[in-house]
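In what follows, chain A forms one complex with chain B and a second complex with chain C.
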Partner chain A sequence: MSVVATIARHVLRDAVRNRVLHGATLLGVGMIGAAPVAGRLAAGQDVKLVKDLGLAAIELTGLFVAVFMGIRLLAREIEHRTLDAVLSKPIRRHQFVLGQFGGLVAALALALAVMAIGMYVVLAAAAWWVEDTVLAPAPAAPVVDPALLKAVVLTFVQLAVVAAAALCFSTVASPAVAAASTCGFYVICHFGGELRNLGSVVDSRFAASLAAGLSYVLPDLASFDVKAAVVHAQPVTVGYMALTAGSGAAYVLAFLVLALAVFAKRDLT
Partner chain B sequence: MNEPQARAGASGLPPARGGNERLRRWGRPALSAVAATLLVALGGTLSALRDRGGGPDGDRYPAGSAPRPDAVRRVALSFKAVLADLYWIRAVQHYGRTRLAGGRAEDHALLYSLLDVATTLDPRFDAAHRLGAVFLAEPSPGGPGRPDLAVALLRKGMDYAPERWEYLQDLGFVHYWWLHDPEGAARWFERAADLPGAPWWLRPLAAVTLAEGDDRAGARALWAQVRDSTGDAWVRGEAIRRLAQLDALDALDGYRHVIEGFFERTGRRPRSWRELLAAGDLAAVPVDPTGVPYELTTPDGTIAVSRRSALFPLPGGGSLPERRGR
Partner chain C sequence: MMRAVRLSDLSKTFRTGFWGARGHCALDRVSLDVPQGAVLGYLGPNGAGKTTTFRLLLQLVHPTSGAAEILGRPVGDPAVRHRVGFLPEGARFYDSCTAEEFLVYVAGLFGYPAAERRQRAALQLDRVGIGAERRRRLGTYSRGMLQRVGIAQALLNDPEVLFLDEPMTGLDPLGRSDVRNLILALRNEGRTVWISSHVLSEAEAVCSHVAILNRGRLAVAGSIADLDLDVRGWELVVAGVGESQLAACGIADRRVTSIADGRHVIDLPLEQPPERVVVELARRGARIVSLNPRHETLEDYFLRRVHEDA
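Moving on to the complex of A and B:
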């Protein structure tokens, strides 16, 4: 376990120095910071816009980090031949992959935390400003709303699934193919409902059954999206959070098992 | 002999002391900055030239160019709410731009499509339903004058959130103010009053609407209620403007009496406010509640709010009766 933690720490330290992570996080914070300016065009919807744009920026930036760091982790180690040096030590391949993923998820959590803090800072400023200009906040939800963290947490779990998928794809494909596959995976996992109802628009029974089957195998990433619900002060229960996070964790483990199985057999010479 | 000296010696030119070094230090960044600046200037110039020539169709967002709401909802993935905000901003900009340009009703053709997309992407987007209905119902030249679409938008919100009494109140309001249907309005207010959490004043409002009918007293009661109950600054401002319009209608009635009095004495209509001032009928040029002078039209002596006033146009073309009585 300590080997996995050491590798994860090393990956996190490396990620913190990584300009891609800096750039992505700064871009996200910049988008959140610009939200009040856009809010001025929204006829009194400043607070809603800051919340919507803040949560969307967190997910979009996190997605970028998950995909591009996820696909490069193993590829970079193989390309730079550092993997040979690491594996020559008493470190097993599965420990290496788990450590890499742990570091990636920690980096993702760090980026999301920075952006969430940025969003709350902007909202705190908006709360002061809204009071002064008598602009109405979103109905029934406070301006600085702790419930927004529910959306951030489920976004994090969703991005962990995407990162695990990226890592898995990167064990069998080149970085470019793995990136395309991960983006495709992210998109198709938002179409669970459409896949399930494909039978109503196509004649082929086989295609309809295949799509329906696929919709039950793939994670339903749309269910991780509670952004609109928290912004509109709709209830998101602890039970829903736990079940969704649990299903996300199961998919993460599934992808890691696949990645470990492939990586264990992979010829690294 | 170092490399620059050797190169200078070979060409016969005086040695460029540290030339390469200087180029390395600042030459390249400076050249890059100059090149970037020139390219940005070129891009800006070309954009300006393009804009001067006009676009291929003169309007970047012609009528019917909003995409199908269901299609946008599908491709929006996890970003539906923020896209709804963008469509809302587009709707506000489209409405404001067309209104400021004094556009005709058909120039607002895109408004409903944009609001439809915004409310499909985020069905709980309160402002897009409620303010959108206000925009749609506003008659030309201020808006498209489509209370039917305002009703459709509010019904869409009501279908998604049937517990929201506000949508029913707004439906009653559209029926009263724009469709001139006090009975229909009273029915919506009653239905709104039946919902849990609805404020106590909705039921008396229904009664007032029925009793007062389509007149200024009923309208005043309605707008005063909107002003006092809304949490939205824009809606409150609009209610205050509507109340000011009703005040202007009252004031215009008073000035018409003054003009009638002048006519009875002189046998003709006044040609200007100055004549009424000189005759002692008025102490000052009358102004509307926003401070803009009323306009006196010659030779028929009719008076109205100025087109420059924020109160223009007055409801019902200025003909809303003071009290209809039932």
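Moving on to the complex of A and C:
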């Protein structure tokens, strides 16, 4: 276990020093910071827009971090031949993959935490400084609403699934193919309902059955999206959070098992 | 003598082509025993299968057939990894890490406690001559410095068997000399060192054994002393004669080098029988100091075997 933690710490340190990830996170924070300006343009929607844009920025930036890191981690180690040196030490391949994933998830959590803090700072500033604000918070929702964290947490779980998928794809494919596959996976998994009902709009029974089958196998990432609910002060129960996070963890586990099985057999050339 | 490494009919065929329908045989039934304490020079042209052998020994690729053992245990045994070190060819490591951080990380992979990690890292960085630069990021290092860091990480666990894939690559003459001395020091400590190299003169200087690989097949293996090196001529050292007497014996000036104490080294070609020259010189009062065959160099031998094999 300590070897996995050692690798995870190393990946996290590498990520923290990565300029691309710095840039992405700062861009996310910048988008959140600019949200009040957009709020001004939509009269009476200041706070709602800050929340909407803030949560969307967190998800988009997190998605970039998950895909960018997920597809590059293994590929870079192989390309630079660092993997040869690392795997010649007394570690197992599965420990290496788990450590890489641990570091990736930790980096993701850090990026999301920084952006969430940024969002709360902007919301607090909007509530405190803007005297003439035509605050029109969603009914019963405070401006600085702790419930927003529920959306951030489920976004994190969703992105952990995407990161696990990216890592899994990168064990068999080139970075470009893995990136395309991960983005495709993300999009398809957001349209589970549409896939299930494809039969009503296409004639091909095969295509309809295939789409329906996929919708049952692939995770329904739309279920992780509670942004609208928390912004509008609709209840997101602890039970729902636990169930959704649990299903996310199960998909993470499944992708990791697949990645480990493939990586264990792979010739590293 | 105990065996450090044994390869038994080890083969590797890589699947190529879109569907993996074609095969490329990188290593073809290679059997080789490396005695403990030997410094083995693993020689061969590009694509001969040298790096593939290392990758098989470290389980980075899986063999198509055959088996390999290190220190009497199968290569899949994780305990073996505690006793080996490996320098991959042309590794870049992590640009964002300092040399010190990288070595501490690698020490962590062995499970050493935190204090020992730093201690081992410092010791090996000292050993390969990385001084204050150890706190600089690896991304700013030259090829030669990275090679030194690579050697340091390979030595971190005080290995009994060391695999060095092209250790001289990217090193300046000073760096080569340092690595050569390091290898000799490791040999004197009784460690087994397996080096792949294109720099045959370097291999000749440090290796006790040699194995030549060509197109995935082992062309020759054994100790350097046992190689059937061709005799290319004779080196005769004489004293007590002048250059005029040497010329009178039919020895051309260009073949004579005067050394200290009135002695001369005479480079005799193969076609000139040394016995006749020795008798003639002795008759003229010369004292024969030594007569030795001049063998082809390892490089000559390597080229000859590769051409024969082709």
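Here, the second predicted complex is superposed on the first by the 263 of 269 C-alpha atoms of A that agree within 3 Å, B and C clash if a C-alpha of one lies under 4 Å from a C-alpha of the other, contacts with A are read in each partner's own complex, and residues count from 1 in each chain.
As a working rule, a residue touches a chain if its C-beta (ideal position, glycine included) is under 8 Å from a C-beta of that chain, and two chains touch if they have at least 3 such contacts.
Since the structure is predicted, the reported quantities are computational estimates derived from the model, not experimental observations.
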More chain A residues in contact [chain B versus chain C]: B
Partner chain(s) touched by A:Asp145 [first = chain B, second = chain C, both, neither]: neither
Contacts of A:Lys227 with chain B and chain C, given as first, second, both or neither: first
Contacts of A:Asp14 with chain B and chain C, given as first, second, both or neither: second
Touching partner for A:Leu87 - first (chain B), second (chain C), both, neither: second
Which of chain B and chain C A:Asp46 touches, first, second, both or neither: neither
Set intersection of chain A contacts, chain C complex versus chain B complex: none
List of chain A residues in touch with chain C within their complex: 2-3, 6-7, 10, 13-14, 17-18, 80-92, 265, 267-269
Of all residues in chain C, those that touch chain A in their complex: 14, 55, 58-62, 78-79, 81-82, 84-94, 96-97, 101, 105-106, 108-111, 150, 153-154, 157, 163
Chain A contact footprint on chain B (complex, rising order): 74, 77-82, 84-85, 88-89, 92-93, 122, 124-127, 131, 231-234
Chain A residues touching chain B - in the complex, by the definition given at the top: 38, 41-45, 48-49, 52-53, 55-56, 59-60, 133-136, 139, 158, 186-187, 190-191, 194, 221-222, 224-225, 227-228, 231-232, 234
